[in-house]
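What follows is a pair of complexes built around chain A, which joins chain B in one and chain C in the other.
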Partner chain A sequence: MLEFRKDLFADERDDNLNVIGKGEQRQDMLGHVTGRTRFFDDHGFDGLLHLKVVRSPHHHARIRSIDVTAAERAPGVKRVIRGQDVPLNKNTLLSLIDFGKDDEPTLAVDKVRYKGEPIVAIIADSEAEALAAVKLVRVSYDPLPTVFDVQEALKPGAVVVNETYPGNYFEYHDKYDHQKLRFGDVEAAFRTADHVIEERYQMSPIEHASTETNGTIAAPETNNRYVVHSCAQGLFFSLGTTAKILALESNRLHFIGGTVGGGFGGKVDSLTEPLAVLGAILTGRPVRYVLGREEEMQFASPRGAERHVIKDGVMRDGRIVARQITSYFDAGAYTRLTSYGVVKCVAHMPGPYTIPNVRGDAYCVFTNRVPATAMRGFGVTGVDFSIEVQMDKLAHLVGIDPMEFRILNAYRDGDMKAHRRVAHNTALIECVQVVAQKVNWPLSETARRASSLSGGGGPRAAIPPTVTDESGRIGRPETRQAPPQLTPGAAPLPAHQPRPVVPVYQPPPAHQPAAALPNYPAQPADAAPLPAPAPPVPNAPAPPQHGAARFSSVFTRRR
Partner chain B sequence: MARHQGRGMASINYPIGMNLGGDPSQALVHANPDGKFTVALSAIDLGQGMKQVSRQIAAETLGVPIEDVYVDTADSDTGPHDMGSFASRGTHRVGNAVIVAAKEARGVLLEAAAEELEVNADDLVTDGKGNIHVRGAASKSITVKAASQAAQFKQGKTISGRGIFLIPLSTVNPETGEMSPVTAYAHACLVVDLEVCDETGDVKVNKLTSAYELGRALNPKMVEQQLVGGAWMGMSHALYETPEPYYPNPEHGGRDYNEYLMPGPGDIAPHDITVLERPAPDGPFGGKGPGEMCANPVLPAVANAIFNAIGVRIDTLPITPEKILRALKAQGGARPQVRRA
Partner chain C sequence: MARMPVQFRLNGSDRAVFVEPAETLLGTIRRGLGDFAPKFGCGQGTCGVCTVLVDGEPRLGCLTLSVTCEGRSIETASGLADGPTLHPLQAAFMEHFAAQCGFCTPGMLMAAKALLDRNPNPTRVEVVEAIAGNVCRCTGYEPIINAILAAAQQRGVRRA
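And then the complex of A and B:
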């Protein structure tokens, strides 16, 4: 069921339009519902060959030798491709926007860095023959120690996953092992806060699980070009990636796609295009490379795991005065897009709330797992989960209704965001109010009258004096801030710790006057000016965790 | 042994377009001699409705009926460059490129009509039904078809247009994180009503109630499809799916849809949606993009509702029955919190 609230923001819209705003049927709907729409795999070619890859059974191993002689002699096999056959066997996806270093081979040569990493490609007359020949490839491995936990991977002396980034972290600005966000002085604000709590959140990887698996059909055209039927979410992105890896001019590739059976971020990595085109080049025949369901689920890039540790300072009246977020993005063995997701996450901190002191530290960490990639809500879904559960805990802690608490701290037009841009076109408050009304969630008069259009700006538009630091220089892990004290356990995850019950805020009945509710000011910015920040001391030890004592007086700390 | 009712909420915002910009989209629009238009793109339709939303934006801008516009995508030989369908950028970036291209084509169409009608092109308007007429004088008119035929066969004009939209790439300050991530944000608030069984740890989501602010719902049916499907995905993320159920242990990944758990038809909860529209100043007709953000509020709202039901916090996703049972055991049983409304 879907309804509109056309009364809200009506003066900002012209609703007298012909086609916009109408629920017109899609031009492609008839094809979809009758099964006639053509996806990449619906293009038949005479003499079509099939490509399958040999994948590493180890999470981390040195490759001692690769013997393909039996596979080459197997029935139906037309060609075996190895790393040395790939013109540029090292790439990073975002090199197309000049971000990051080439770190990932199309086919592994000296080492495998995750279970399922492709090593050899077999092209045969049929899928069955290709799969049979895959089993005949003999790869000799020296297994290496592995690292699967992001905080373990960041420790000095940890197993090196990806030699391009020897500290197991993506390097930002050629200077730091993470991306920073600094706005105000969280340490000073924690000292003034009535409560400080620190909590840890973990999102596990997630598979895109599109109906259509990743795949490509590539075929020689008659004009020294190759036609490529692709499932890519970015047609020219995939074309550019393929051209780079195969050292081809871009106009020798003719990509056709645009109708894709679900993506959700899982078809941005060009997992199949380069090898399919290389196969077509090497055999002169059309080549189809499609991941099976198990390959897709196990070895195609998932949404990466994220760990967020959030430390907040909050006042008794509900104002959040400081928020510190330390984020670890598990990139798996190669960068792909995680480096980008980390920066997007930093831009999203501290969520849709106006908080006068914010500190963020976000790491893109390499581990021995399948490389992660984008997925719906990339860089935001995990931190939103963390922030919004944290908001619920904070509301509970100070005894304020969770919706009131959101509205109290919500960003409004004119507020300064932590990345130092003024908010405009905001509508968080109205969304909360509309839902409250729908579910008969009682809100105070103050909360009901709050608006994104007013109460922002002014002192809330100020950029506070900000403490900066040089923590986390590349190659200097000892300069990092002390990591949060929560250490991850080996799997399975430890049982959840109980918490003492704290007094619960009692919402008023729906028609009770608002007097019982906290009467907070319209502008909840931190009123007291912060003390001038002390100059940063390079390589100083991490400051003490001022909030811990206060926190423990309210909650017991989670280990 | 009891099933405990719980209600939880979350509110979120979401950035529209690639972080830091630098992600152009292009569009080409042209008419055939009968005044039927083709929009050529290289944008990708993943099922989200890229073709249809581009078609509606083109038809609105051109001032012609929707059935007179088709979108052709994606062929790298005919469709101009587009960064891709991700980062909630399709509607915002491609839509703006389509508007630029369609405006140029409309300009030529009106010039051709003006020449036929012997009036000033500035005085002409379209009725959205295939006609062009002088503003305030509906009888002084010409069809789009006749104007297009005249343009091509009499006047030698091409009714076509080129469009590009780019928010130039910006940088990030290494020390402070100062940056210009995006120009528009969508918003949402969502309430989940669910029940938790303290014997099995099973969570049953009974209802979702939401408000999504999307700039403008360019096609409400497609918006509904996105929001319903996205909220389902949020439910799945919250309660069911992961290839690594004991992360960071990398084992136990599902190999197919039988082993990789997601909510089935019997698990789907009714979703009562309200759409708010605060137009993005630089969005196509104010549009933002509902595609990604719709899943996000569901995850924390589910976790918060579980706390409301049984008094335990599960801070690791997904919230499986195993985690709930372990937490209940550690707590010594369910401690239902105050019911809300």
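And then the complex of A and C:
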């Protein structure tokens, strides 16, 4: 059962919630238990045709020739589709929001870049006939050298996987080969730290394995439109993608969906919609394109592999004074959503901790593996896992309890994040305190008295002088060596103070939350605060702001 | 190859249908007869979303040939409710939040029904064993196990 800790978040919102926290029957539950819920495949059509694709057996190969004559003559085959039949045979998902270059064909033409890449689509009266005809397609290949390791792929002279991105890295803003975060001077801090440790963390790809595989049924409708029963998690995203690839007006596509048999991020790629609709256009009949389980497991996009190298400088008293993270995301052969995952990763560096010197570099790298995509916090889960394991190692190194070590280094309200935004609504300290309490983990009196609402800001809100470097610009292959080297003599960014936080909403006096904070011990000015990277502000903590103000970083325009 | 006639009962109604010799019961029920409650998940008998009852026994629809079902009685989740009255398992699944995406639910319900029909008072371990062939990727199984146990208890109360 949900438990609301209004004592911890009393100033977050003052309304009385009348739905959240109470049991409420889901509107789709009756359909689920009676078997009446209609998933994309639960629609009957007269004259339904079935589409199957020919997939590359090679990880990387030039296509010399494709011979479909035998397949075209096979029993039940109604149509064979090749790359040149696809109106716009190059797309990238996030082009709909103007992010990235078109880099992936619907059906490969000149080259295959991963094992399982679709090359030819066969439409037949039955699945069995379509599968039989798939075996009759003759594709002649010239196998090419492959690259499967992200750091190998970034080396100068590495095999080029995806010609749209010849450096094997996604190009951010058409200018940079990675995403970067700079705050202070990690090198100087490493030199003065009591301990410096560097560790490498690595995550494998993970298949979503939803019980329903990816698929689509598309059928001609009246008025020159097509009805599309889709498994897509983002229905309108898939509609836009299909309209773009098929060069159709989007109002000619009638997408029906939203009922997804398990997605977890694995149904955002529009893998089946464009070909099913194209099949319906070319045959004038309903076409069903459903991935088999083996296709789903082997060739549908997984969560991508990640590698994180974390180097930390820590003092004997437990303060982390520098953190450097270099992250490599394996996008596989095409971008899909990995470029976005990398941006999220950098947003999570250096973890929910106030560290005065931070350097982050994250690369979206192309290799000859199956293209990766979204999955449950992708971009974030891997780096957060790495950071938290690193935190345990650091705590062990300096001999501090791992829970207390987190409280010691946690963000507090008013602290400056490495992204140069002031931390609001920080609650890591309280979360750790609650967890410790629930599992009977002994915390020291100091740790139990710590609060996110006090001790932050002041010197901890300062932006330090920051060393800049020119690495990351496209066209400089030597910058592919990680971590990038500082350019000697580069002028540091000057230190400065953040702008003051402007509350966007003043609470009515009736809702002053002070009385509603029984579990927050008042922090007397002389109470010994936890040791922190910089001394706490000497004056009394600011009165708690109303929830809307605490969320101001979310709801107001970014500073 | 010549199609073959097959007759069986589906959720209490006599049905006659022509099938391909290699056609699966799942394919016949779904595309042949239009009952889309049992799902296709793997076609390899590994996920259980196609589970139906054949003469009361749980069977994988994707691995059962339709021609072997001549004269049998087939049950799917579509036939669980008695008109507007839900089966105790259906009511318990709703009550205990035992479905998220709902794709495994029709198969899960049939595996559970087979269990309760032959063992009205199962232990937790017996429930786990009964649904061991049914994959759910959303719930983590706990709500499903609790729902089945609750349905068994509910039925017991009603009998007493």
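Note that in this section the second predicted complex is superposed on the first by the 464 of 559 C-alpha atoms of A that agree within 3 Å, B and C clash if a C-alpha of one lies under 4 Å from a C-alpha of the other, contacts with A are read in each partner's own complex, and residues count from 1 in each chain.
Operating definition for what follows: a residue touches a chain if its C-beta (ideal position, glycine included) is under 8 Å from a C-beta of that chain, and two chains touch if they have at least 3 such contacts.
In this text the structure is predicted, and so the values were computed from the model without any measurement.
K.L.:
Is A:P402 in contact with chain B, with chain C, with both, or with neither (first, second, both, neither)?
P.N.:
first
K.L.:
In the overlaid three-chain picture, which partner chain does A:R420 touch, first (chain B) or second (chain C), both, or neither?
P.N.:
first
K.L.:
Which partner does A:V434 contact after superposing on A: first (chain B), second (chain C), both, neither?
P.N.:
In the superposition, A:V434 touches chain B alone.
K.L.:
Taking the superposition as given, does A:E199 touch the first partner, chain B, the second, chain C, both, or neither?
P.N.:
Touch partner of A:E199: chain B, not chain C.
K.L.:
Taking the superposition as given, does A:G261 touch the first partner, chain B, the second, chain C, both, or neither?
P.N.:
A:G261 contacts both chain B and chain C.
K.L.:
Quick check on the superposed pair: does A:D46 touch chain B, chain C, both, or neither? Answer first, second, both or neither.
P.N.:
neither
K.L.:
Between chain B and chain C, which makes contact with more of the residues in chain A?
P.N.:
B
K.L.:
Which partner does A:V19 reach: the first (chain B), the second (chain C), both, or neither?
P.N.:
The first partner, chain B, only.
K.L.:
Touching A:G35, do we find chain B (first), chain C (second), both, or neither?
P.N.:
second
K.L.:
Should A:E249 be classified as contacting the first partner (chain B), the second (chain C), both, or neither?
P.N.:
Touch partners of A:E249: none, neither chain B nor chain C.
K.L.:
Residue overlap on chain A between the chain B contact set and the chain C contact set?
P.N.:
In chain A, residues 25-26, 28, 209, 259-264, 293 are touched by chain B and also by chain C.
K.L.:
Tell me, which parts of chain C touch chain A in their complex?
P.N.:
Where chain C meets chain A, its residues are 22, 30-31, 34-44, 46-47, 49, 76-78, 80-81, 86, 89-90, 93-94, 97, 99, 101-106, 109, 135-138.
K.L.:
Going by the contact rule set out above, which residues of chain A touch chain C in the complex?
P.N.:
Counting only chain A, the residues touching chain C are 25-26, 28-39, 41-44, 48, 128, 208-213, 259-264, 290, 292-293.
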